[in-house]
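What follows is a pair of complexes built around chain A, which joins chain B in one and chain C in the other.
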Partner chain A sequence: MVWTTTLGVWVGAIGTLALFSLIYRENRFYRLFEHLFIGLAAGFLIKSTWDETLYPQWWTPMVKDGQWPWILALGLGGLFYTIYSKKHSWMSRISIGVLLGLLSGQIFQTTANEFIPQIQRSFKPLVVQAADIPQGSQLTQLGMSLNNILFMVILVCVITYFLFSFEHKNKVITGSARTGRLMLMFAFGAIFGSTVMARMALLIDRVWFLMHTWLGLG
Partner chain B sequence: MDKSLAFRMQNIDRRILYIVLLAIVVIGLIFPIPLPLAISPQAQKFFDAVEKAPTNKAAIVSVVWSASTQGENRPQTEVFIRHLMSRRIRILIMAFGGDAQSVTLAQEITGDLAKEYNYEYGKDWISLGYRLDQTGTLKGALLDIVQVYKTDSKERRPLGEWPVMAGVKSLKDIGVVGEISASGAYKNWIGLVGSAMSAPLCYGPTSVMAPELYTYLDSGQIAGMMFGIKGAAEYEALLVKSGVLKKAGFTTRAITPISLALVLLFVLIGLGNWGMYAARKAEAKG
Partner chain C sequence: MSHASVRWESSLLVALWAAIILVTVVMSQRGKKYYIRRIPGLNAIDEALGRATEMGRPILMVPGLTDINESVAPLQALSIFSYIVKASAKFGNRILLPCAKPAIYTVAQEVVRDSYAAAGRPELYAPDSVRFISDRQFAFAAGVSGLIYREQVAASFLFGDFYAESLIFAETGQQVGAIQVAGTVQTTQIPFFIASCDYTIIGDEFYAATAYISRDPTLLGSLVGQDISKILALVIIVIGTICMTIPALGGVNSFFVQWFKF
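Let's look at the complex of A and B:
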């Protein structure tokens, strides 16, 4: 192992232990490494912004390839900083307006491409024929029909829950909206379970780093 | 009923909980239990999409994660790239997101695996670099990748000069796309370029994000998915089954401590709830 790698592993291990020390209680060791981490992240961001974005995409075309109009991007970007001046802050709206205009155009396309296929696929046959079963599926006709009916019931119930244009007085609407809310709770439960798993994975990664990479165990 | 025990169950010192959790994780890593790992349909579909990808076309590995989520995203990236390399498919690395660490991490992983599979930079794989603006980059790449990126990220040489780019004009010439992500960047792929590409789009999200992707799997907008670290372990098992890997690695080993930690969580939720009901009952009795 190269000495820089060894040093990197030691710094990583001490940093990990320092940040985990917060679990016990707030302490100076944790504070020191918290500040170090923030400083390093900020420094890395500046360097990477120049290396990966500004230098190849803005500086090189402008200075080396003679595409001088790129200098205008500096002016447009600089207008964002007028937000710090009460007198000139109105100028920042020009840049913000340009960005919002560009994004608005894209959102039309994104929305159509994202939701239309989903709406199309929600039209499922409630009585499935043999020809409707996709190749390789292990479901029977009856199983797939039940699956589709369940899908449709849940879809309608959840959409009913989000109908806010009128008061839910009708018993059918109330029952459907309640069922929809219950189904949403199931979904949130699944998301919570997944979140726990994600957090555990991050912990395990750090523990494995300490055990295996640093101490050579396992 | 011991009232004080019921109260204590609701107020266990968090440091005790963390010590128990740490002990479980360490024991689980040192002594992994061979738990059965069922391959989910979405992981199988991801694997199949790569397996069916034409070897004469390049693949895109899009990375949108940083060190903060590497516990899940690194194993996902590794198994995906390993599979592509085992099939000798050319790899183009794209990096997006709010943090440019993604490109460094992706290059590091690909560089390490390249030694194992004898992949040469510029001929078999290339790093296109990091872009903050994913929407603009993808829309541009749909027309002309070389014009959008101009140079590679490592050596800053004109992109068109590299042999790996032969026959790759735009995203339409790609065989398979896989994005490993800790953000909702999939919407850019689906919304802006998905319908114009013929390549299947596969996704490797963190477990937090994964539930929201099922609608896109159901609609066919995403061809396959690796569900966090569990998905990566399933993919690793598929690689072992297909002979790409001789034996399972860290990802499969991590499933034991994750399962044990989830059992601990169930127990703690149970104890907390039992404590609450017991305390209420004791209070009602006076």
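Let's look at the complex of A and C:
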């Protein structure tokens, strides 16, 4: 093994143990690696911002492709630094306003992309015909119908729960909202379980790194 | 491919939703009073502030991991934090607001400074209370966790877009005994907050909370407009379901269902 690889493995192993040490308590070992981690991330941020954003998307079009109006972006970005001057800090709001304007414009498109397909996919027959069952599927008409009815009930109940502009006093509304909340909790339980499994995979990866790559066991 | 670009019908529906929201916003700004139901988790904010005052320990506020040009959630979070800062100014609580994005950091500084000024205590603003930690997810998580331990925060408010770091923050807060209130629209992270925080504001409640707390006519009007839009979407779904259920109406080939086809 090349000595740089060995060094990398040792740094990785010590860093992993240092960050894991927080499980016991906050300590100097953790603090050292926490700051090292943040420092490295700051350096990485500068490098990646230049390599992945500024150079290909700003510098190259401006200098090499002659798209000189990109110089205006420098002024707009520079206005953020006026935050450090009490007298000129108001100018930073110009840049913030431009970013917010861009976000608002994008949201129109995002809304169409996100919600309209969701609405379309919610159109499900409550009484499933034999022709609606996908070929080769083990599902029955009754099973699919019950599934679609359950889907519709949960959808209505959850949307009712997320209506805020009127008081939930009516018994039907209260019952629907409560059922919606209950259904959400079921869904969150399922998400919790599956996400925890994914996190376990991350832990196993780290333990494997320590045991196998670092200590050479197994 | 973008749905809005390939189907003009999509743009029409989005324009209708936008028009509904604009009308309710304008009506609200012109003085129409709208009712917003109380979100249970909001009571916990005052409770947490009281606890921080009793303990004399700082309040932590994290506006999530997304940037100003990625999501509206961090801005909504800052609106809630503005309320918290104003309330904490009355009791002189120290606050900590670590940020993961440079633009959010800039806005957060402005918001905190303005909030102290609005509360009549501009001298309480400490520039180091708003900190940029790192834009790397786990470097940020390590930095905030260290901060929670070292400062032994009494109350922790986690509002915004969170990802895998959510449980790291919430568990660390739990270990130092902080009262924690969280709110996010990230479906995959809500279960972790429910499991480890004292109160969790779920999904759209987060946007409603901002309107409820700030009582800003624009936000109130927007929320009512969103409610009307949700009801409209529900009506569309019910009509679509009826079309799909009754074969005589055309099923999947009916005009209504085809109109929404992607």
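Criterion: the second predicted complex is superposed on the first by the 205 of 218 C-alpha atoms of A that agree within 3 Å, B and C clash if a C-alpha of one lies under 4 Å from a C-alpha of the other, contacts with A are read in each partner's own complex, and residues count from 1 in each chain.
Here is the rule we go by: a residue touches a chain if its C-beta (ideal position, glycine included) is under 8 Å from a C-beta of that chain, and two chains touch if they have at least 3 such contacts.
Just so it is clear, the model here is predicted, and its values are computed rather than measured.
By the touch criterion stated above, A:V207 is placed in contact with chain B alone, chain C being left untouched.
In the superposition on chain A, A:E167 makes contact with chain C only, not with chain B.
Judged by the touch definition given at the top, the superposed model places A:L72 against neither chain B nor chain C. Looking at the shared chain after the overlay, A:L142 reaches neither chain B nor chain C. In the superposition on chain A, A:T53 makes contact with chain B only, not with chain C. Looking at the superposed arrangement, the partner reaching more residues of chain A, out of chain B and chain C, is C. After overlaying the two complexes on the shared chain, residue contacts for A:T195 are found with chain B and with chain C alike. When the two complexes are overlaid on their common chain A, residue A:T111 makes contact with chain B and with chain C alike. When the two structures are aligned on the shared chain, A:V63 is found in touch with neither chain B nor chain C. In the superposition on chain A, A:F44 makes contact with both chain B and chain C. Shared contact residues on chain A (touching chain B in one structure, chain C in the other): 44-45, 103, 106, 109, 111, 113, 117, 120, 191, 195. Of all residues in chain C, only 2-5, 7, 10-11, 13-14, 17-18, 34-37, 39, 68-72, 75, 102-103, 106-107, 109-110, 133-136, 138-140, 142-143, 145-146, 149-150, 164, 167, 172, 187-188, 190-192, 194-195, 202-205, 208, 211, 223-224, 227, 230-231, 233-234, 236-237, 240-241, 243-245, 247, 251, 257, 260-262 touch chain A in the complex they form. Across the interface of their complex, chain B is touched by residues 23-24, 44-45, 48-49, 51-53, 56, 103, 106, 109-111, 113-114, 117-118, 120-121, 187, 190-191, 193-198, 200-208, 211-212, 217-218 of chain A.
Chain contact summary for the complex, chain A toward chain C: residues 19, 22, 25-26, 30-31, 33-34, 37-38, 40-42, 44-45, 80, 83, 89, 92-93, 96, 99-100, 102-103, 106-109, 111-113, 115-117, 119-120, 122-127, 129, 152, 155-156, 159, 162-168, 184-185, 188-189, 191-192, 195, 199.
Residues 14-15, 18, 21-22, 25-26, 29-30, 68-72, 74, 99-101, 103-104, 129-132, 135, 139, 150-151, 153, 156, 187-188, 190-192, 194-195, 206-208, 210-212, 215-216, 218-221, 227-230, 250, 254, 257-258, 261-262, 265 of chain B touch chain A in their complex.
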